Amino acid sequence: MPEGVSLSALAALPWDAVLILLPLTGAVAAGLWPRSARPIGLLVSAGGIPILVGLGTAVAGTDGLHHAVGGWGAPLGIELRADALSLVFLATTALVGLGVALYADSYFEPTLARWFWPLWLFLLGALNALFLSADLFNLYVTLELMGLAAVALTALGGGRAALTGAMRYLLATLLGSLVYLLGVALLYHATGTLDFGLLGQRLEAGPASRTALGLMGAGLALKTALFPFHFWLPPAHASAPAPVSALLSALVVKASFYILVRLWLELFAPLAATAATGQVLGLLGMAAILWGSWQALRQPRVKLLVAYSTVAQIGYLFLAFPLLSAAGLPDAAAWRAVLWLVLAHALAKAAMFLAAGNLLRFGGHDRITDLDCVAQRLPLTVAAFALAGVSIAGLPPTGGFIGKWLLLEAALLQGRWDLVTVMLLGGLLAAGYVFKVVGHFFTPAATRHEAQRVPARMEWTALGLAVLALLLGLAPGILLPWFDSAVVMPMAGARQ
Amino acid sequence: MTGPDYLSALLLLAGALFFLAGTLGLLRFPDVYTRLHALTKADNVGLGLIVLGLALQSGSWLVAGKLVLIWLLVLLAGASVAHLIARGARQRGIPEWRR
Amino acid sequence: MNPGNGILLSVLASSLLPGLVIFAIAEHRIALRTTLNLLGAVVKLVLVGWMLWGVAHGQAYELRLALLPGLDFVLRAGPLALLFVTLSSVLWLLTTLYAIGYLEGSPHRSRFFGFFSLCVTATVGVALAGNLLTFLLFYELLTLSTYPLVVHRATEAARRAGQSYLVYTLSGGVLLLAGTVWLYSLTGTLEFRATGFVQDLDASHHGALIAIFWLLIAGVGVKAALFPLHGWLPQAMVAPAPVSALLHAVAVVKAGAFGIVRIVYEVFGVEQAADLGVTLPLAGLAAFTILYGSLRALYQDDLKRRLAFSTVSQVSYIALGVAIAGPIATIGGLVHLVHQGLMKITLFFCAGNLAETLHIHRISEMDGVGRRLPWTMGAFTLAAFGMIGLPPVAGFVSKWYLGLGAMEAGQDWVVLVLAGSSLLNAAYFLPILHRAWFRAPAGDGFAAAGGRHETGWLLLWPPVITAAMSLGAGMLAFIPFSPLEWVQFIGRREFIGYE
Amino acid sequence: MTAAFYALAGVALVVLGLYGLSVQAHLLRKLLAVNILGSGVFLVLVSLGGQPGAAPDPVPHAMVITGIVVAVSATALGLVLMLKVAAASGRPTLDDAPKEDRCPKE
Amino acid sequence: MNLLQTGFDGLLALGLIWLAWRALACPDLFRGIVLFIAFGLLMALAWVRLEAPDVALAEAAIGAGLTGALLLAALARLNRTAAAQTLPREAWRSGPALLLVLAGAGLGLAVLSLIPEPAGLQAQVAAELGRSGVSNPVTAVLLNFRGYDTLLELLVLLLALLAAWSLDADPPRREAPAGAVLDMLLRLLLPVLVLAAAYLLWAGAHAPGGAFQAGAVLGAAGVLALLAGWRLQPHLTGTPLRLAVTIGPGGFLLVAWAFAAGRPAAAGISAGTRRRSDPADRDPGHPVHRRHPGSAVPGLAARRR
């Protein structure tokens, strides 16, 4: 980069294109030269952060950076859009991705690491592409790329549970994508375009758009493992290798939620007669919280417990759908809280799964009752799990608490007592299953196990992510303005 | 309908007849070998007649050449596939039909 | 950074930083850990003294950090806050000394002292909190930092006690959170104000305010061991003695009581609470808890469980004092917060000594203990007299003011409750004293041990000092900076109802 | 008029695919059902495009071609995974305990 | 005349549904797969009727041909390894069926409501066709206007292959040699297939055809070679094979890099607060993926194992 380039030219660089192309090129290169897969993987995972900062500076101040791929305009070509909302998810991906990459570097032995890096870079590229795309069909292709990469990563470990989990996950993700595509077909033929901006202007309430909302909602809810469709998540996330389950729970599940948020905020919320769908999603969210937490309490193994905790925490994200402001538009405060919870949950859940991975590597099993004086022998992992658990349960001083507080506030301002009680109950149940595990950290197991050494880097990355979740709670003042601008409201008074 | 149209209609009809015969053979014959025999013989000739009929309709030598090329390719593929199926059946020891 | 928040931050940091460093220290580095602990305690004491002097001369200390839009992280050192901070920092120093002696040679001390310091940070935070959100933040941090102390022994019994402790305290936390958010959605502010910040709400919110009051009281009542929510206290006795002392005399229980004081005085305001008609039921509940705790204490043979139930009843004195909406009763309640802390920590130190040196846990085994541990049992006796309310010791002062306040507020039945509970206190303390001093020691264990043999000085001096302090608080109640004087100063500064 | 036939056929295929995917136990049949579901969606996508007289709308065509290629790669991965599941669990189905009551009555 | 056509279409639609139902419902898996292949061919016919020749080609080559071959190969290996016994066919479950039929009815109504005047992008595509470098509208959309989709799609193919390799699927063992006839047929057919693929790729610019159809034909050639027992020499299965596999997507990505980084200033970034009201006023940015046809060979050897 010639030093003569001024900052403005630097900002004009197509950061969003770079953010997508770098991981994908890295993946192809890692596939081509397996021996150099590790350095490429680490480099690209780390490289994501500075690129993101560059994109952030470019987006700051504007209400969105539009990049017409291939120079063709919106209706014909595909538009990339980078605004505050996509940056929130991109930042989550970059942070958790870097942490998990460092962890995976010392988790996998060479034979598996050779495949982990290209598949992980494909997943990273797909996530970045998904968060930046503003075209419905392009989102379908990125969803597929992400889904296949996630399935391959889940099955990486081999073993019966991982393979059946991966198969169940593959079928669920294919079904979700195709139902989503059917919704896209209806929308395309109703409005004649696939671009978010134009769709926002042309979409009218009618049987076609309502059915499209139903289909896309169902497809994306299936991929986000919302309550009735969550059957595939626990076996897949619990049996996958630890870094992979961290990626799945923290990032992959959030990608389809991101699309649902985009659709809801920009296209469907202003339409008449969609409030009912919002209420249904809210109800399913509440059911997810209670059912997920209850199941998590009953699990005998740590990873299954953490996986069911994901099912419960996803329920929280759907509580913002029923909350509407006076004008019938989505309530900005509620959505700001949900976006905050997305970041806080991603960090905390990734730390929890990595810590669970350490426990598994240390004791050879993750049965909760047989944890053998782990508090003394793996202090960093125990600290990571406890800190992350506190954030998941939404107890102060962590990021989870801030998110829960904002959501409670938004719900109370609209007098939604059902949401408030379910949130509080969910927090209590979450504390229940977290401290069920933490309690067993201290006690000795009935039979003594010979312990395996856990590399220090694995413990430090888990603790690092957990501390990030804590810092999120200590200094929300800095980040909150960014989340305020992230809730992109459709033009006020959009057609009813 | 000029002269060549009549001729091509006739050829197409004959081709269709041959296909009918092949299909009848497929349904009626008792074992795999005889069915193979019926299919390859009748359908290839039928296809030849249809190709000729269409060539007349196409009115340009280039298209007619392509159609004949298609016919040759089907002949080649049909013959070798029939051989493979017969060989496969023989390896599995399927007996021939004896009255 | 004006001087105000500099001091406040350093008061918190004086126990937080050593705590974090101690976590990292290897187990065998005893000298470093001890110096860090004591250094932190001393620094905190000096800072608190400095602030006491400052506040006495009208200096205001406040720290405000942006946390949430419209809600800040506020630390404010008012006279009421300093009362609790002084108590906790003084007793933290003594408990640290005691813990160092008590845990001699036991494993995982770095982890213990790390959480020990975190716990005190949370207590100081609870005291200094300037609004209900900061209070909630430190209140939950207190729960999280005390849990590892309760399960420190790492036995199955400890784990189960820890689970029940969490069930109670986290449920309380959730209720407190619910009340706080609901209140915030109604009032739009959570800043503590001398006469409460709820008056400007119109009458239509009365039902909501009453519900919020009971949510908040239930939330803090768990830690203050009010009647239905006290179950965790006796079970937490499985923890080591310094932890029981810290939980019962200094940190957790007092945080709950302090929470009740904050809610009644600085959230609702005494008049508003009286208008809502919630103070009387609160007083009734407190009175019932006093009697219930004393009754249950009668039947406990295990010394620490008896002291635990005694705490359940004693803390409700503070709640009672607060619930009787008179200024004198308030003084009685607030001063009891300090006195009960001093007396109860002495009792637990002595119980710890008995367990540590003579391995005596049950009252039935305490025959003739007075002859073998004269100094420890002397302190125990002094504190027991205080608890019963005999004149020279501090307990009498607070009961006197409580009775006076009740009479002045026209709540005569309270005097009956006070008298009854004093009798019950006598009923469960005097047999212990009798058995300790007037019974010959059972078996020949005593002779073999060669007559009197006291515990090490580390375990002996803290109870003696706290016993002396509770005696001093009683006899020298009139000198400036004594607990009573300071409480009257609070009365003058914070509550207009007091001339 | 022809568009209506194929659109409704597409819808029928979607329903068939969903039924096959949810009811069949054998993984190969589930993958077949996914392919049929995909074909149904593509049929709906293309058959709605363009009036009979005017030129057909190329964008759905491009989308369907992309969809077919994605479907074949997903099927390929599904098949490899099915083989590994069958090898690992000795049975080409997802549920562990074979359900006895599955055998048809006739 | 159109009565005959509508009759034919109706018949074809019903035939599709019936074939799909039989493919799913018949107890014998092998027959199910053969029916599925027939279903694929009928689908190709349906695409022709819907005036989508490119899609018909793709369906025939990829949908029916390749998928059918994959399914048959998987079934063969499945029977060899584990579950020799065919599972009993599931009993008819009326519960889910009823639910799905209802959903289908709702879907059908929504689709029918769109039939009268579905909106589309024909006009825009026709307008920009001149500047797209090809005359076949579908190829224009596929490789130029929505070239970014195609890039991702190629990567999906490469990803599926890497995933299959990562599951260390054991390479197909050398079955009994297929005999001289297939060998001879293959020696004749392979050059023809490669030639046909090249022609399809070249023809894609102005007539139905294009990159994916050409790739599918080559893939079919690869499958035939495998069936005939041909295997890559050992020294070729290392890096050269991986190179052959990643050359396609890699090339596409390099083109993307070249244009993305090449002219950042003139890049089509409409940074700044302007929300794009209509496409016309944006400056024509750099064509990220303008490629003259035939340069980036699609995942040619993607399926050649």
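Note that the chains are named A, B, C, D and E in the order they appear, and that numbering of residues resets to 1 at the start of each chain.
Keep in mind that, in the parts below, a residue touches a chain if its C-beta (ideal position, glycine included) is under 8 Å from a C-beta of that chain, and two chains touch if they have at least 3 such contacts.
These figures come from a predicted structure and were not determined experimentally.
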Would you mind checking the shortest number of contact hops between chain A and chain C? 1
If we look at chain B and chain D, which chains touch each of them? E
Comparing A-D against D-E, which pair counts more contacting C-beta pairs? D-E
If you take the mean of the Cα atoms for each chain, which one ends up farthest from chain C? B
Give me the ID of the chain with the smallest distance between its Cα centroid and the all-protein Cα centroid. A
Counting only Cα atoms for the centres, state how far chain B is from chain E in Å. 30
Indicate the whole-number Å distance between the mean C-alpha point of chain A and the mean C-alpha point of chain B. 58
Could you state the distance in Å from the CA-based centre of chain B to that of chain C? 100
Note the residues in chain E that touch 2 or more other chains, in rising order. 107, 111, 114, 118, 120-121, 125, 141, 146, 149, 153, 156, 159-160, 163, 167
By the touch definition above, chain D meets two or more other chains at residues 14, 17-18, 44, 48-49, 59-60, 63, 66, 70, 73-74, 77, 81-82, 84
Looking at the whole structure, which two-chain pairs count as touching? A-C, A-D, A-E, B-E, D-E
For a test of understanding, state which residues of chain E touch chain D in their complex under the given definition. 2, 5-6, 9-10, 12-14, 16-17, 20-21, 23-24, 29, 32-33, 36, 39-40, 43, 46-47, 49-52, 54-55, 58-59, 62-63, 66-67, 70-71, 74-75, 77-78, 81-83, 87-91, 93, 96-97, 100-101, 103-104, 107-108, 111-112, 114-115, 118, 120-122, 125-126, 137-138, 140-142, 146, 149-150, 153, 156-157, 159-161, 163-164, 167, 169, 210, 212
Looking at the complex, which residues from chain C come into contact with chain A? 65-69, 107-108, 111, 136-137, 140-141, 143-144, 147-148, 151, 154-156, 158-159, 162-163, 166-167, 170-171, 173-174, 177-178, 181-182, 184-185
List of chain B residues in touch with chain E within their complex: 73, 76-77, 80, 83-84, 87
What residues of chain A sit close enough to touch chain E in their complex? 9, 11-14, 17-18, 21, 24-25, 27-29, 31-33, 58, 62-79, 115, 118-119, 122, 125-126, 129, 137-138, 141-142, 144-145, 148-149, 151-152, 155-156, 158, 182, 186, 188-193, 197, 206-208, 210-212, 215
What residues of chain E sit close enough to touch chain A in their complex? 106-107, 109-111, 113-114, 118-121, 124-125, 128, 141, 144-149, 152-153, 155-156, 158-160, 162-163, 165-167, 239, 242-243, 245-246, 249-250, 253, 256-257, 260-261, 264-265, 267-273, 275-276, 279-280, 282, 284-290
